[in-house]
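Lettered A, B, C, D, E, F and G in written order, each chain numbered from 1.
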Amino acid sequence: MPIRTEPVTINIGPQHPSTHGVLRLRVTFDGEVIVDVEPIFGYLHRGSEKLAEERNYVQVLTLTDRLDYVASMTNNQAYCLAVEKLMGVEVPERAQYLRVMTAELQRMASHLVAAGFLLQDLGALATPLMYCFRFREKILDLFEMLCGARITVSYMRPGGVFADAPEDFWPALDRLMGEAPELLGELEQLLMENEIVLVRTKNVGVLPLDTAIAYSISGPVLRASGLPWDWRKADPYDVYDRMQFDIPIGDRGDNYDRFRVRIEEVKQSMRIVSQCIEQMPPGPIRTELPFVLRPPAGAEAYGRVEAPKGELGFYMVSDGSIAPYRCKIRSPSLINLTVLKELLVGWKLADMIVTLGSIDINMGEVDR
Amino acid sequence: MVPFLQDNVIYRGVYCWLGGNEGNAQWCGGDGLLPGGYEWVAYFVAGLTIMLILVNGALLGAAVFVWAERRLLARFQARRGPNRWGPWGILQPIADLVKLLIKEDIIPTAADRIAFTLVPIIMLMSLLLSLAVLPFARNTYLANLNIGVLYIVAVSSMTTIAIFMAGWASANKFAMFGAMRGVTMLISYEIPLILSLVGVVLIAGSMSLVSVVEAQYLPFILVQPLGALVFMLGISAELNRTPFDILEAESEIVAGYHTEYSGIKFALIQAAEMAGVLAASGFLATLFLGGWSGPFLSTQLGALWFLMKLSFFVFLFIWIRATFPRLRIDQIMAFAWKFLLPLAMINFLATAVQVYFFGFYHGDVPGEITRNEQWVMAAINVPLAVASIVAFGHFAREGIRVPAVRLESIVPIPRVAEVD
Amino acid sequence: MLEDYFRQYGLIAIFTIVAFIVPTSMLMMSFLLSRLGIRPQKPNPVKQDIYECGMETIGGRWARFNFRYYMYALLFVIFDVAVVFVYPWAVRMGKLGLFALIEMMAFITILGFGWVYAWRKRDLEWR
Amino acid sequence: MLFQDFIFWALAVGGVAAALGVVLLRDIFRAALLLIVVFLTIAGHFFLLAAEFVGVVQVLIYAGAISILIIFAIMLTQNVQQGNLPNRLQIPAVLLPALLLSALIFVFVDTDWRLTEALPNAVGVNIVNLAFEDTTFKLSKLLLENYALAFGAAGALLLASIIGALSLVRER
Amino acid sequence: MYGLGLAKGLMVTMKNFIRPPFTVQYPEERLPQHPRFRGEEFVWYDERCTGCASCAKYCPLGIIKIVTSPSETAVLEGDKYDIEVFDIDIGRCMFCGLCVEACPYDALFMGSGFERGRYQRKDLVISVDELRQAVKRPSTWFRPQLENARYDPQEGEPLAWEDVGREKWPWHKQEKAGAKINRTVHRGGAESSQDKK
Amino acid sequence: MDLERFLILSAVIFCIGLYGTMARRNLITILMSLELMFTAVTLAAVAMSRYVVSKQVLADTSNTSEAALQTLLTGQVFALFIIVVAAAEIALGLGIVIAFYRSRETVDMSQANMMSR
Amino acid sequence: MTRAFQGEELARFIQRRFPDAELEWDGDSLWIEPQRVREVARFLKEEPQLEFNFLNAVSAVDYIEYFEVLYHLTSFEHNHSAVVKTRVYGRENPSVPSVVEVWPGADFQEREVWDLMGVAFEGHPNLKRIMLWEGFPGHPLRRDFEDVIEY
């Protein structure tokens, strides 16, 4: 008969050094091993969907910046796609290229943050995090040059982007693309073969493919489980159909694969950005639309993009007024969290933090 | 005057200054301040001088180490680090200390007040006590015990109890987690730690640290590469340094066993930890890098050589901390029991056979391994170390395989023909 | 020399007292500062609560722990005893000769059996 | 001798008080901590008795290892704070040790011990000093030659206790 | 061999140890700030503002408060409205710039400051007087005319209201501007600021 | 009085340990008391070794060879063996306590008389 | 390109399996009866020609007289997508069968819809508030929700 060890229930979060925002997990442990997990959230709930119903279509854009504040560009893109679908508006080619380019830069930044924090969770004392942030900082610098803000960009508008890139943006981008492989290579050298990282992440937090699909997992987490599914390929929006890139996928769906897939995706994003630079056509950057949009009454649209965290969708319903009747946000972070319990039970406390980090959630997006 | 006092530079200085009476004239060269018969005062003052040096050295060293670690870590991370207080921010630890001193000292209601308060005292005490046998220059030490090596291990094992007390007394689950993890890890690493020193003792023929330094014709890091490696890893586990810092893993259990500590108690625990790194570097330098002996002028510049070697190890500790993530508890346990323990065993058995052989060769004058013999041992032991690390390495690398991420360019082709 | 021995340990004893006094005096200093009003001392129930990520503690204070920790302690005690016995032999290895060497090897081998047993029974693994 | 006497009495009083605490305290965790204090004071006595190796082994094994094992066992079982209850046999439990103690003290004081001080100084050297200098060195010969069999038996005992204890505790 | 990956990692950190640090010593040393930077202390030109409150209307958070009254000459001479209150609550502002985008007269610009720390929330509200007195270094965000003129809010001179317009003030020139503002209007924004440089 | 005070101290601690083994119900306390008794005996052995000299050594006063001096340390060797035995005892004893706890959910000695069940 | 199923096309599939189902379609959306949601969901997932194994999103819209619950579906095998909707009438206790059994990923989304919109899901294993705290009055995403919280 085994010793009856009383399970210990501990709150991990909301005030914990590494729960990626104000996520609270009620975790029950037996020794070090997790028996039960219950995520409790809502600490950052701002009611974005309700707020969107009281703002006009352009104003809602500023709310989308604050969903996944690590990847505002892709949020903007998803929202703009939905509104454009709603209005039936075409976007000029140059604007599409600019969107794809910024979205890919944003993806790089977001994946770097995810990778950096994953390693922080492994206990790497901020060194890889600092290297990741150094890289990301250069991208954010470009964003500042492009749209005046680093995080909450509000760059895109329904019908295009608000402004063309300034002249000195292009040399700066070229410079970044020149030094990016070295920065990324350094990170890979530091971590990809590091035995400690390998033993900590390999075969830990394994998410089998069928479970991943059943739990509606999307984005790098799904790809790490082995399905080459990427909305940029499956249902190309903007000009992704003109881009050459690969979809990195993992073998087992463990933490290492998720981490590795993100790093590989950064490389692919670099490819896309350089293709954008090459192909960038001249032309207008914004379809002329009134400042206050009035989509036809009863129209509805579901616009989605492959955000760094997964499939980000906006389901918009219009009633013909200046504000959306309903703006439902399909946030990948929330839905990827559904599988958390499946992933964590049976693993140890230390793995819990890493697995949580490898899902790469953003509380701004989970709670909305 | 006993021989042990004659050898000791500081004792001798203080003793001669204060109490050198006629009986000691032949090596003091004159009378001291005190009249005859008061040698015990001189003796006492001399002892206190060294204690003063040790205590202040440890605490100031901890302060400097905090600063150095923060600066160096910042540089490793492409940052700048603290640089506001004083030149290069050198006064930062003082500012921190003042802040912690005048910070409210909170003891949780649920805590066991006595045990809670005793923890920082015990931690600092065991650290300071372990310094007593450290020779930090030629013939400069508080005491040269015959059991020096074991004394260090024994005294520093009291830290384990302190950590456990901290976790238990805090009545905090994170602290308890940290304490249980910490104690389990510390005791697991103590065995390889003790075993790795057997080789040193075998060659030196004594457990006294002074004899160990004197026996090092070659730095023992060459003669005992495995021992040095195991000791280094073991001691960094004992010090809760990365990659073995599971007992205060901030990303998992907040601050581990000292989650509830604040104010001056926290400062003392930190001081004990930081000074612990210095002490450990000191022991590493003494046991494996020749301590105060240097290539030249080791009599005069002993303290300097010692300090340089110590700084080398301190830098190594900081470097490792800046680079590595932390291991998981089961991996840490497996590392201790399946990797370090056999390595320590191999080292100890190999050294025993070698020493026996050389002792046999010497005939009647055992215990003295000459320089050439140490070269021979180094030549044997370095390849042995590499071989055994490779051999036992695969026990520690269970589950590591080549990275496996494929690139797929195509989305799976739909089974139903697309309608476009 | 016994006199020498006692001088050394006398110093260690004094040093023990000093090492006790140093941290204690620092705690006392902090306490005095609070008396002088330099250091604040304003306890309240929330402040003195146990930290558990900003939430109230779930369940009781005393969590009983998994016995896996105990297994390692058990192994440690036995190996510690064994390892300590190596030291007296190590200091005079040269003089003791072949018989002692073989005896020590035998001793270590016997314990090695214990180690191998624990390994084979998977007690060294954290399950 | 004054200093040694002072140390002796300090250690003795502390040790006896801590030992009383071990058996009388209700909080079993504190009792275990006091047990460590007893072990440490006894180690101090060993150093006083010129048995440095035994002293350091006492610190390492009793205070460092056995007490940890005891504390872990306490943490594994219930009722830390109220776990150390007295049973019903209080009166015999006080009487018997008291009787034994008085008998022992009587015997100790009454016996005419052959003391080492009685050993003459041979060739100008104090034999006691010689005997207790570097005890570790001398102990090794006793351990490995005079008591070789016991040494081997200790190894076997340790092996047996590893196997026995592991199989007792292991979860099945 | 086991440990090779660790050694590689150590080499990477050592390489970074030797390099100069990436971060800068902030107050003494500043990173270049791009002209489009959307920052605090909005630049507002009283002369250009008609008090139409488009900015207030398009602010997603509604933090701009405008109170206007017709000036004495307004009815007769077609003068613009007097602005009595123009409060921007910076404490709640999220610097999206929609107010600037909405301004039809190029009267409101983003600023480029970011150091407006205050102890109280009410101190964060910018009043009309502050806006009038502030040094006018507008950000080039959503103002292509400034950008084409390569105006740099960090380095450049403060701009007068005539210099910042998108067009040459067609409606003020004849019937409105002269009534209140006694200035001759003859220079275009873009060219003039280029001339200055 | 040097020897006697050590012996009396040892006796006092031994008797306290004896009281603990008899008067307490918690099995772990009983084991702790046993450890007290063990250390007390160790102390006595070491004290004997330091102060008491055997008949042969006393008789053969001229013999100051190492071998004869070493016999003085026999008590210390005994102490070491006692420590080994104590360690083995505590490991097995606590193992039994844990096994007992596993089947009864208690470490109370007064429950132990139901062992026959 | 992901092929979006037309409502009519999808309806034909469903009618073949559930002949008595009342279906409406319009453009690319399809309405089914609320009580039939779970059956249809299982059919959509298991029918080899459809294989909607991925549930993109569960949404709800408040149209005052009824609530519309939408299921955005995608098939990874065939790379096509569909929108299935259902209307629930009544503002007091609107309720739809839960599809957690079919797509476990609906768990948090259904809880969210319940929390914010007040549409209950029968058979959901753990239907409680997710964003807001227990005891929050009302469901804030409803069009007639009035803020009762005093700040």
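In this section, a contact is a pair of C-beta atoms (placed from the backbone, for glycine too) under 8 Å apart; a residue touches a chain by one contact, two chains touch by 3 or more.
Fair warning: this is a prediction, and the values are worked out from it, not measured in the lab.
J.: Count the C-beta contact pairs for C-D and for C-F, then tell me which is higher.
T.: Taking the two pairs in turn, the one with more contacts turns out to be C-D.
J.: By CA centroid distance, what chain is farthest from subunit C?
T.: E
J.: Report, in whole Å, the distance between the mean C-alpha point of subunit D and the mean C-alpha point of subunit G.
T.: 74
J.: So the centre of each chain is just the mean of its C-alpha atoms; given that, what is the distance between subunit A and subunit G in Å?
T.: Computed value for the inter-centroid distance: 25 Å.
J.: Which whole number of Å gives the spacing of the CA centres of subunit D and subunit E?
T.: Taking the average C-alpha coordinate of subunit D and of subunit E, the gap between them is 80 Å.
J.: Distance-wise, how many Å sit between the C-alpha centres of subunit C and subunit E, to the nearest whole number?
T.: Centres of subunit C and subunit E (C-alpha means) sit 63 Å apart.
J.: Among all residues of subunit C, which ones touch two or more of the remaining chains?
T.: Expected reply: 1, 3, 9, 52-53, 62-65, 67, 69-70, 73-78, 80-81, 84-85, 87, 91-92, 95, 104, 118, 126.
J.: Using the touch definition from the top, which residues of subunit D touch two or more other chains?
T.: Only 50, 52-53, 57, 60-61, 64-66, 68-69, 72-73, 75-78, 132, 135-137, 139, 141, 143, 154, 158, 161-162, 165, 169, 171 qualify.
J.: Multi-chain contacts in subunit G: which residues touch at least two other chains?
T.: Only 1, 76, 79 qualify.
J.: Could you please specify the touching residues of subunit G with respect to subunit A in the complex?
T.: Residues 1-2, 29, 53-57, 59-62, 70, 72, 76, 79, 81, 83, 103-109, 112, 116, 129-133, 140-141, 145.
J.: In the complex formed with subunit D, which residues of subunit F make contact?
T.: Residues 3-9, 11-20, 22-26, 28-29, 31-33, 35-36, 39-40, 42-43, 46-47, 49-55, 57-58, 61-62, 64, 66, 69-70, 72-74, 76-77, 79-81, 83-88, 90-92, 94-99, 101, 105-110 of subunit F touch subunit D in their complex.
J.: Note which residues of subunit E are touching subunit A in the complex, please.
T.: Listed in rising order, the residues are 2-6, 8-9, 11-13, 15-16, 22, 31, 33-38, 58, 60, 94-98, 101-102, 110, 139, 141-142, 144, 147.
J.: Taking the complex as given, what residues does subunit C use to touch subunit B?
T.: It is residues 1, 3-4, 7-9, 11-12, 14-16, 18-20, 22-24, 26-27, 29-31, 33-34, 38-43, 45, 47-53, 57, 61-63, 65, 69, 72-73, 75-76, 79-80, 83-84, 86-87, 90-95, 98, 101, 104-105, 108, 112, 115, 118-119, 124-126 of subunit C that touch subunit B.
J.: Using the touch definition from the top, list the residues of subunit C that touch subunit A in their complex.
T.: 52-55, 58-59, 63-69, 126
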